[in-house]
Structures are given as C-alpha cells and as structure tokens.
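Heads up, the thing below is written out as structure tokens.
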Amino acid sequence: MSGLVVRDLQVVFDGFVAVGGVDLTVPSGDVRFIIGPNGAGKTTLIDAITGLARATGAVTFDEHELLGRKVHKIARLGVGRTFQNSTVFEELTVLQNLDIAAGWHRGPLTLLRRRSSVPPEVQNALETVRLTAVRDQLAGTLPHGQKQWLEIGMLLVQNAKLFLLDEPVAGMSHEERDATGELLGELSREHTVVVIEHDMDFLRRFARSVTVMHAGKVLSEGTVAQVQADPKVQEVYLGHPVEA
Amino acid sequence: MTLVLSQLFTGISIGAVLLLIALGLSLTFGQMNVINMAHGELIMAGAYTVYMLQKVIGGAGFSLLVALPVAFVVAGLMGVLIEVLLIRRLYARPLDTLLVTWGVSLLLQQAARDLFGAPNVQTRAPSALTGSIHLTDDLAISSSRVFILALALIAVAAVTVVLKTTPLGRRIRAVMQNRDLAAVSGLATGRVDRLTFFIGSGLAGIAGVALTLIGPIGPTMGTNIIVNAFLVVVVGGIGQLKGTVIVAFVLGIVQSMVEYTTTVSVASVIVFVVIVAFLQWRPQGLFTLRTRSLA
Amino acid sequence: MFRIRGRRSATIVATVAALAALTACGAKTDDSSSASAAGATIDTSGSSIKVGLLNSLSGTMAISEVTVRDSLKLAIEEINAGGGVLGKQIEPVSEDGASDWPTFAEKSQKLISQDKVAAVFGCWTSASRKAVKPVFEKNKSLLFYPVQYEGLEQSPYIFYTGATTNQQIVPGLDYLKAQGKTSLYLVGSDYVFPRTANKIIKAYAEANGMKVLGEDYAPLGSTEFSTIANKVKAAGASAIFNTLNGDSNVAFFKEYKSAGLTAEKMPVVSVSIAEEEVKSIGTQYLAGQLTAWNYYQTTEGAANEKFVKAYKAKYGADKPTSDPMEAAYTSVYLWKAMVEKAGSFDVEKVKAAAAAGGITYDAPEGKVTVDGPTQHIYKTARIGKVGDDGLIKEVWNSGEPIKPDPYLKGYSWATGLS
Amino acid sequence: MTTLQDPPVAVEASAAKAPRRFHALIGFGLAAVVLFALAPVALGDFRLGLLAKYLCLAIVAVGIGLAWGRGGMLTLGQGVFFGLGGYAMAMHLKLADAGPGELPDFMQLYGQLDALPWWWKPFANPAFALAATVLLPMLVAFLLGLLIFRRRVRGAYFAILSQALCAALAIFLIGQQGTTGGTNGLTDIQGFFGYDLNDPINRRMIYFIVAAALLAVLGVAWQLMRSRFGELLVAVRDGEERVRFLGYDPANVKLVAYVVAAGMAGLAGALFVPAVGIISPAMIGVVPSIEFVIGVAVGGRASLIGPALGAIAVAWAKTALSEKLPSAWTYFEGLLFILPVVFLPGGLASLAMYLRRRRSTSTEVTS
C-alpha cells in the first residue's frame, strides 16, 4: 500500500532501547500527529525512518524499503524531514537555500554554472511559504517562524512526498501557528504529513489522526477525540493539561 | 624468543610514552573537543621545570620527584592561561582553535629559545634510572622506561578515579556530554572547562618530566611528538580514556615491530596506512559515545 | 624574445606564445640586472667591502649555525682591527637561512644581486649547500663552506674549509682498525651525509676485513631510539659508527646507556658531536666516547690559544669552540689571503690566486693549505675522547695534514663509490 | 540579470557570494595590470623572482580558500599535493637536464643505480610530466578523499589525519635518497623545457607563467564559488547532515572541492620548481603545510581574493622581517596565527566588506 508503513521497529543505543517495537501506518494524504512525553522515542522514530539512526524491523514508503539505505538515498525516495532546531543554511540566502533543496538530481554541468533564473518550482515554493519578499536575505537573519517555513519550503522543492516535521511550530506566535496549520492542510492534498508536536491546542485544530508514544512504544492511536478518551493516555499524561 | 620479548617491551614502553603524552590530550581534545597544538610546548615547559629545579636544588633523584608536582602546576597554569585568554572565545570554532594554539606553540618555542638559549639543555638522571633491569641473562629492560610505564599507569588510574568518582569528574562528564544542558542545570561550565584544562595541561607537564629521562630538552622537543599523540586520541575515540590507553600501546608495539623488521621511514608510512584502514572500519575511533545529536 | 638552449618543446612554446605579447612590455633586454649572467658584480666603490654571512638563525639548525656566524664575525672583527683587506674594512651582511633550503637559495641570491657581496660564508647542512650551489655557479660568485661533509662534490665557486671524508671518516676507521675492532654497527640520521658516509664505511670495512653488522637511519629530529638501541645491542658489534645529527644524539645516548652499553664494551665514534653538543647531551652519557674531527678546543698551539681566548672574551667564558666554528673562522682568513695574493676582489682573480697554490694560514687547528684543484684544504685528522669535564681530548692524530680527496680517487677500495 | 532587482538588503548576502561579474572583471583587470605591467617594471630581477615564489604560494592559498573557507575542510596537508606536483615537474626537468639515456646527477652520486627506476621513466615524456603535475595530486586527493569523506571523517579528525599524511610522506621521501634525493630534494635544475633557467630573461618568462597561472586559478575558483556548486559547498560546510537529507551525498561535494584544491597545490608546486630551482621534503612536511594556511586565515578564508593576497602578504612579511630580525619573525608568525583568527575570523577581506557596508549604508542615509 502507499504511504508510510512501519513494522516492529527497534532502535537500541548502547543497550538503551529508545524505540522498542513500533508499528505505524500512515496512509497517503493523512496529517498524522505523534505525541508523547519527553524520551518517548518520537524523534528517534523519525531518525530511524530517515536513516540517521540504525534500526531493525521494516519501514516502507510507497512500497520502497527504507531501512538499510543511506540517508541521501532515502531522501531521494521522497522522504523529507525538518529538525527541532531549525537547520537552514544561515550563510546562504532564502533563494539559495531553496535552490539547493531543489537540486539533488542536477548534473555536473548545471552545478558548475551560475543559476541564471529562478526555477519555477522554487518560485512556487517561495509563494507557498510566503517568503518571496525576503528571497535575497540571508536565511540566518530570518525570524524563527520564517526559518521553519523555509524548511517546509525546502521539503516542497525537494519534491518530498512524505513530510516528517519535528516540532514545526515550537516558538511561533499565534498567527504564525495558524498560518502553519493552514499550510499543513494545503500540503496534505498532495503529501503525507507526519508531525511531532507538544502543542495540544495546535494538535486539536489541525490533526487528522494521532499516535501517542510512550517509552519507545505506541500507546494509543486514532482520531483526536479517540485518543483523548483513551484511559492509558490519560494515565501517562496525568498532571498534564490534556483535558484543558 | 628473547628478542621478541625485549621488542615487545620496547613497544610497550614506546606506548607508555605515547600514552603519557596523549593522556592530557584525551582530556582537552577528547572531553572538551579543543585541539591544543601547544600541548607539546606544555610538555616542554615540564621538561624545563626539571632543568630549572636541578639548577636550584641539585640532587638528580630528589629534583625529579619534586619536579613532578611542580611541572604539573606550571604546565597546568600555562594551560589555564591559554584557555582563559584564547580558547574560551573559540569553543564554537574547534578548527580555529587548532590554528590559534599552533600560533601559541610558536610563541612559546621562541620564548624558550630566548629564555634558555637555542641549544638543548642537559639534565642529569638519577643513577637508578640510567641503567637496566635484568630479567634473565639476556633480557634486560631499561629502568627509565619502567619508570615511565609506571608513571603512565598511575596517571591513567588517577584520571580515571577523578573522572568516575569525584564531583568534579561528574561535572566534567556532564559538560562534555551536553554543554547546554549542563549550563541550564546550573553548572558553571566555564569553571569546569578551566579545571579540565588545568588537569589536561598539567598531565603534559608530567609527560615533560618523564621525557627528560629519554630524550633531548630543547625548544623544539614538543613539535616532534605531538602529531602522533593526536593520532592516538583520534583512533582511540573521543571522550574515552580506555580507547587512548589501548591504542597507545597497540601503536607502540606495531611501530616497534615494524621498525625492527624494516626501517623507521617505512614504519612511519605503514603506521599511517594502518590508521587510515582502521578509520575505514571505525570512523569514530575505537570507542565512541553514542549521542543523539545531529553533528 | 627568449634565448633558447637546446631543443624546444612545442607545448610550452604554444603557452609562451600566448604570453609573449604581455611579456614584451616587461622583459626588457637592456635591464640592468640582466648583466649578472656574465658574472657577479661586486661593489668595490666604498671604503668597505661587503661579505655575506648565510646561516640559519631560526629553525632547527639555528642551534649549530649561530655559533658559526659568531666565529665568522670574530674573524671579521679581528681582520678589520688589523687594517682590513686591501685597505678596505669588511662589512658583514648577515642573512637568516631559517633552516629551510629554498630560503637559503633565496637569501644567497639576495646577497649576490642586492648587496653585491665579494664572497659569502656559511651554510651547514648538505641540503642547504646543494640548494645554493646552482645560485653561486650561475652568478659566478664565491661561497666558503665551513662544515665537514660527505664529499663527492667540487664546485668551481665553492671553497670547502671543513673536512671531506678522507680527512675525517677514513682516519676514524683507521683508528678503530688499529684498536682491533672487527665489527661495526652504523647509526645515522636519514639524510645525505650519513647515507654517503655509511656507503664509504661499508666499502672500507669490506676491504679491511671488518664486518658491518647493521645499519639504521632515524628521521632528522627523531627522538625515539629504543628499537635501534635494541638492534645495536642484539648485534653485538665491537664499535658503533655514529652519524646522527642534533637532537637525535641526545635520545640515542640516553637509550644506549639504558640498554647497558658502555664505552669500554662497545665504543661509539661520532662525527657530528662537537663541544657544543657534548654540553647539551651531558657527560653523564658521553664520557669516554670517541669523536673524529680536525680540531678540538683543547688542540695545542699558540693560534688556538689566541682563538679560544678571543672567542670566550667576546661571547662568554662558558661558550666552547668547536670544529665547524674553527673552520668558519679559518675560512675568512683564507679568503683574505687569496684576495691579497690576487690583489683584487674579483672572483675569477681570487680563484686564480688559489689555483696557483701556496695559500696557507696558521689556523687554530694547525697549518692549513688550500688545495688548488679541489678548492678543499689540507687538514690534520684528530680522534678525540670525551672527558668528564665536557671537553674533548685528542687521543690520536694523523701527524701531518691530509690532502683532500673528495672523490676518494686515491683509495683503491673506493672505486665504484663515485 | 537577477542582480538588478535585488533589494538593498542584498548587501548582507554578499558573505556567501562570489564577486559579481562586473566587480570581478574589474578585479581581474586590475590584478592583470599589477602582475603583468607594474610589477615587472617596478621590480628588479631578484625581487621579481621572489614575487614569482609568493605567487606560487598564493595559488596554493586559493585552493585552501576553496576547501577550507567554502568547504569547511581545514586541510593541513596541502604540502603533500604541492610536493607531488613539484616532484613530478622536477623529475622531468632533471631527466631533461641529464639528457636522453642518462641518469640525473644525484642518482649517480648517491643511488649507484645503473638504470632509471621504472617509476621515473614516464616522466621523461614532457606531456606526461606536465599532466602529472596536476593530475597526480588530484588522483591522490581523490583516493584519500574517497576513503576519508565516505566514512564521514571530518572536522578536527580530517585536519589531524591530513597532517599525519604530510609527516608520513616527508619521512618516506627522505628515506628513499637514491631515487628521490632524500633531504636534499631535487636541486640544481638548469633548464625548463629547453629554456635556460640561468638566463634572467627566461626567469622573467617563468614569472609571467606563474602570474598567468594565478589568474587562471582565481578564475576557476571564481566560477566555482558563483556556481550552484559553490552554494552547495557552503551548505555542506554549514550543515553536512542537512544536505544529506536533501538527497545529496556530501562526500561527493567535498571530494570535488578537495580534489580541485589538490590540483591547484600541485600546479603551484610544479611552478615553484622553475621559479625557485628546488623541491625538497622540507616543502612537504607538517610545518610548511600549516604555514600555507596562515595566509588564507589572514586574508579571509571564505573570500576569493583574500587567501591569495594574504599568502603574498605573509610571505613578503616573512622575507622582510627575517632579513632584519630573525627571531622577531617567529613571534610575529605566532601572532599572525592568533590575532586574525581570534579577532577577525573573516580575515582582511571581511574588514574590506565591513567598510564597504558602512559606506553603502551611509550613502543610503544621505540620499
């Protein structure tokens, strides 16, 4: 089936089990939120899918097996991700950032020439993530929210089909969150989106489905309402304002 | 058989020298990720300490014993001075630290030349450390090498104890594993850095004292040994004392065996090839701390 | 546009043709300094005459070469005090070779074409001499080289005032043979002099019934000698011939002593350890060992007493004098003698004066004579023993100055070496 | 042209950009006038010869600027490639000096060889030797880079490994005296492809070749920096892992920059031989290799012209200072490593950029 399929995924660091047997199915077009307390293994799960952490089990995306492939080969299969701390190239302009993200398939001759015009997909992405006005500004000078958008824009031009976003709205203002949420909705028309997030309010408004992780395992899965009603989740989140 | 044994011991003793030199580095480079190219000049400072003390105290054996703590403090303080004045500004730029400390090493070398003169100076070794100990009739090991081996092992043990059991050691490891987190949890990372640097540099001073027994004491004595010492730490793996210890001895034995059967120049090339091959197998060194950071 | 020598290469001509238009504006054929191809211009206009002193004042070789520069300056001062050369005061221009061979070449070019010196004194390592040799030959200018070396060289523009192999190494071997030593172990730094010296030693040993039990080279500056000491000990030779240089000697002798070897059981003959080095290694390790040179601070004679006294008065009572320093000091006086005989500073005339023979000087090492054809000098070989006081005492000498033979043509066993 | 539409804020972006075409053309023109017209007229043969040597060092510096400034690879081993290029050239020139079928002088003296070693033979061919001066270093860099970058050895590890390579190669070359000339290196080179190097006019020709090579190398570096590859290289420097997640293999990107830098160092070494007349292991070891880097740090590691100017300035300062005060040079050199790196990490080039920015903001205010 298309979409992301994870079966019995295990990641072990020096004897410490970070992810212990996770099964996860995200059909294409879904906007899946993954939540869980710190240390639940959320980021490690994404690390394993994208090839950063060594794992056992099986991960397929659109029928391609991902485990065992190198990071850049997985990226070429249409798997894109962002990081908790924004990792745009601060010494390059917004345009340059996007142009690089759009270009892994370029041949040597194109690479060795100067960019003569803005590629159409980059232009589109600039408009989608609303960064046209700051196109020639160094990415390092952007405010935090715009950096996160730039990251999403880079995934767009990268032609990623699966978006793995690690806390994309942390540190954003309310307006920025809303805008980001809407952007996620637009994206889901053509992409599969997986978001790691702590912000419950944001989750309730924009998630289509939710997976709750705890101690390296999947605790609960379903719609927002289903998950909120799950007693196991309430137990884990005791003292956390789930109901609020 | 005797030959193999005596060559094995030679290898172990070369390893002990390497270990003593690399031990300080495994703290400053391994724990703090600071490449201190002036480490060799701190070793030099330790060696000149012996020279000065012999002028003041006399008595070869006694002055050598006194030199151990004095050299530790002298080199340690010099290290702290370098840390405070320069390295502190460069924690985010490790490669720049390399260049800056190379500059420091040039300054210290020239300063030594101006203070003590360009020629090597001589120190006297206590007579107990100039001969050899006969294990059998034809198997003898040099007593200065035994002394250095013992010194190296004691130093390793002491550093291990400090790192594993004392509050300071816990702080050092905390800062190394996550500087930001340690700072947030209220650790004065600046003070921990300075203390780590003091100990690492002080160990260089002790290595300098030991080197007076087997090598020349002069302004350039540090440069000759520093490249190999860095290799030991790199191959041993960052942040891991046991890696440094094992690699120092293995490298010493490989070097002495290859050198015995071929020539020094071939041996140095072979050692380099072995290291590159080894890094193909374990690019992060023999032992690594797995962390979940992006870098 | 360009002066062509020999065959041309099509590829380069093509490249150069592209540049020719550009070069036309720069490469003027009447450029004043291009006259240097015809021979060095020496500035004799003033009341003084410039000479160059080319020594490493920084870097690894500074330790040794600074002492040479000091004794060169001493000789110049003495000559100036005595009225100079041909009525002109000598004005030394000192340059730093920085222990780096290309720098030596650069600085010698500077001394010749900028300072227009009458002669240059200096260089220590063979590598630096090889680097400057083409510069002096090209500019037809003179170099006086004051250090014992490996022979096999005879440049028309270099005077060699240190020993060649038959004045130092061969006498050293003769001495060992006379002492009844039948086997040798060779230890040296990895560069030209030890490798060439050891080749000669092996040929000598073969012809004289001695065995060479092993041969080891350590990189210059190497200070890890435990393996070599092990090899030496295991081989059990009756003597060691040591051509190590600088720092390595310190480490080698410490290791030698640690291995339980002694001067009585297995003496070491060293050819690069002079009084200055004895000081830095320490008599604790060196006492009783042998050296082969042409001069020691203790060499007897009025000329040496005067030299040692003057040197210590100028540079300090604790400063020893040594063979290369003496050869440097002597080289200035020999140049003075040649110039005065020629009656001119002109390089070709000075060379002709030397070639005619009869240039002698009562040097601290004894009377030396310039050998016209080879431009080396006759020197007395002296074997010395390191004493507990750090001085070297002569235990044997060749009796009379030995004729220099850089290519060892007079030794039947040496055929095929050069 | 996108430049015309750039908003004023784009000045900020110039840190990661190569000079614009217009500025670059002016710059190249200016450099050509200085190198080809002014210097040859103003300087005598001796100083011009020195300048040729400095320009060789500048060529190495341009490569280091690319690898280190743009690519983040602090290579402390450029001496290896400089040496390979130099030895390839010197081997050919020695063979040409000796004449067909003859052995070079030092081999007869020290090697006692009857025949040329097999690996010397191809260098008798001028085309092979010329190609080898650049291709041989590039090949070695390629193989080494493949091993090192693929295994993600980087940062300090890479720097130390490249330094160890220098030490090993220098010791190895010294050990093979009979076939490489040992510590002496290859010296006493008389001719350069038929031209007599003792003739001052031909030495001027060498200068012009070196100057042209420097301009060409700057041209290559300029094109690489302004190209998409140049942007990618900066991206790899600042976020190697991030680039990986965009589908690139950063090892390949770094490999290209490293190999190009090695080729430049090889070219510089090859030109150094006729310009100075010697190549020896002393030019390969740890110390000269790290000295190549100071000029780059002083001039501005990430800029185009900074490394070249820095290298020339430092080499000139070394000659000038060591003529007057030899021991002062070592102190000065030590400070050169410390002060610019600590207080002006962008080098002199960043100072120039800072001034330009101040001027441009002040003109904005007034207009």
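Annotations
Each chain carries a letter (A, B, C and D) given by its place in the written order, and its residues are counted from 1.
Here is the rule we go by: contacts are C-beta pairs under 8 Å (C-beta built on N, C-alpha and C of every residue); 3 or more make two chains touch, one makes a residue touch a chain.
For reference, the UniProt names are A = ABC transporter ATP-binding protein; B = Urea ABC transporter permease subunit UrtB; C = Urea ABC transporter substrate-binding protein; D = Urea ABC transporter permease subunit UrtC.
Everything quoted here is computed from the prediction, not taken from an experiment.
Traced through touching neighbours, the fewest hops from chain A to chain D number 1. Both chain C and chain D are touched by B.
Chain centres defined as mean CA positions place D nearest to the mean of all protein CA atoms. The greatest centre-to-centre gap from chain C, using C-alpha centroids, is found for A. When chain pairs are compared by their number of contacting C-beta pairs, C-D comes first. Centre-to-centre, using mean CA coordinates, chain A is 45 Å away from chain B. Between the Cα centres of chain B and chain C there is a gap of 37 Å. Measuring from the averaged C-alpha position of chain B to that of chain D gives a distance of 33 Å.
Spacing of chain A relative to chain C, judged by their CA centroids, is 72 angstrom. Residue positions 171, 174-175, 241-242, 327, 330 of chain D are each in touch with at least two other chains. Residue positions of chain C with contacts to 2 or more other chains are 190, 217, 219. Multi-chain contact residues, meaning those touching two or more other chains, occur in chain B at positions 113, 263-265, 268, 294.
Against chain D, the residues of chain A that register as touching in their complex are 50, 52, 70-72, 75-76, 80-81, 83, 87-93, 96-97, 99-101, 103-106, 110-115, 117-118, 136-138, 141, 154, 158.
By the touch criterion stated above, chain C contacts chain B in their complex at residues 60, 62-63, 66, 190, 216-219, 221-224, 226-228, 230-231, 234, 247, 249-251, 254-255, 257-260, 276, 279-282, 284-285.
Against chain D, the residues of chain C that register as touching in their complex are 1-9, 11-12, 15-16, 19, 22-23, 25-27, 29, 31-34, 36-37, 57-58, 95-96, 98, 100-103, 105-106, 109-110, 113-114, 125-127, 130-131, 133-135, 138, 152, 190-192, 195-196, 199, 217, 219-220, 416-418. Every residue of chain B that touches chain D in the complex is listed here, in rising order: 29, 33, 35, 86, 89-90, 93-96, 98-100, 102-107, 109-110, 113-114, 223, 227-228, 230-231, 234, 263-266, 268-269, 271-272, 275-276, 279-280, 283, 294-295.
Touching chain B in their complex are the following residues of chain D: 72, 74, 144, 147-148, 151-153, 155-157, 159-161, 163-165, 167-169, 171-172, 174-176, 241-242, 286-287, 290, 293-294, 297, 327, 330-331, 333-338, 341-342, 345.
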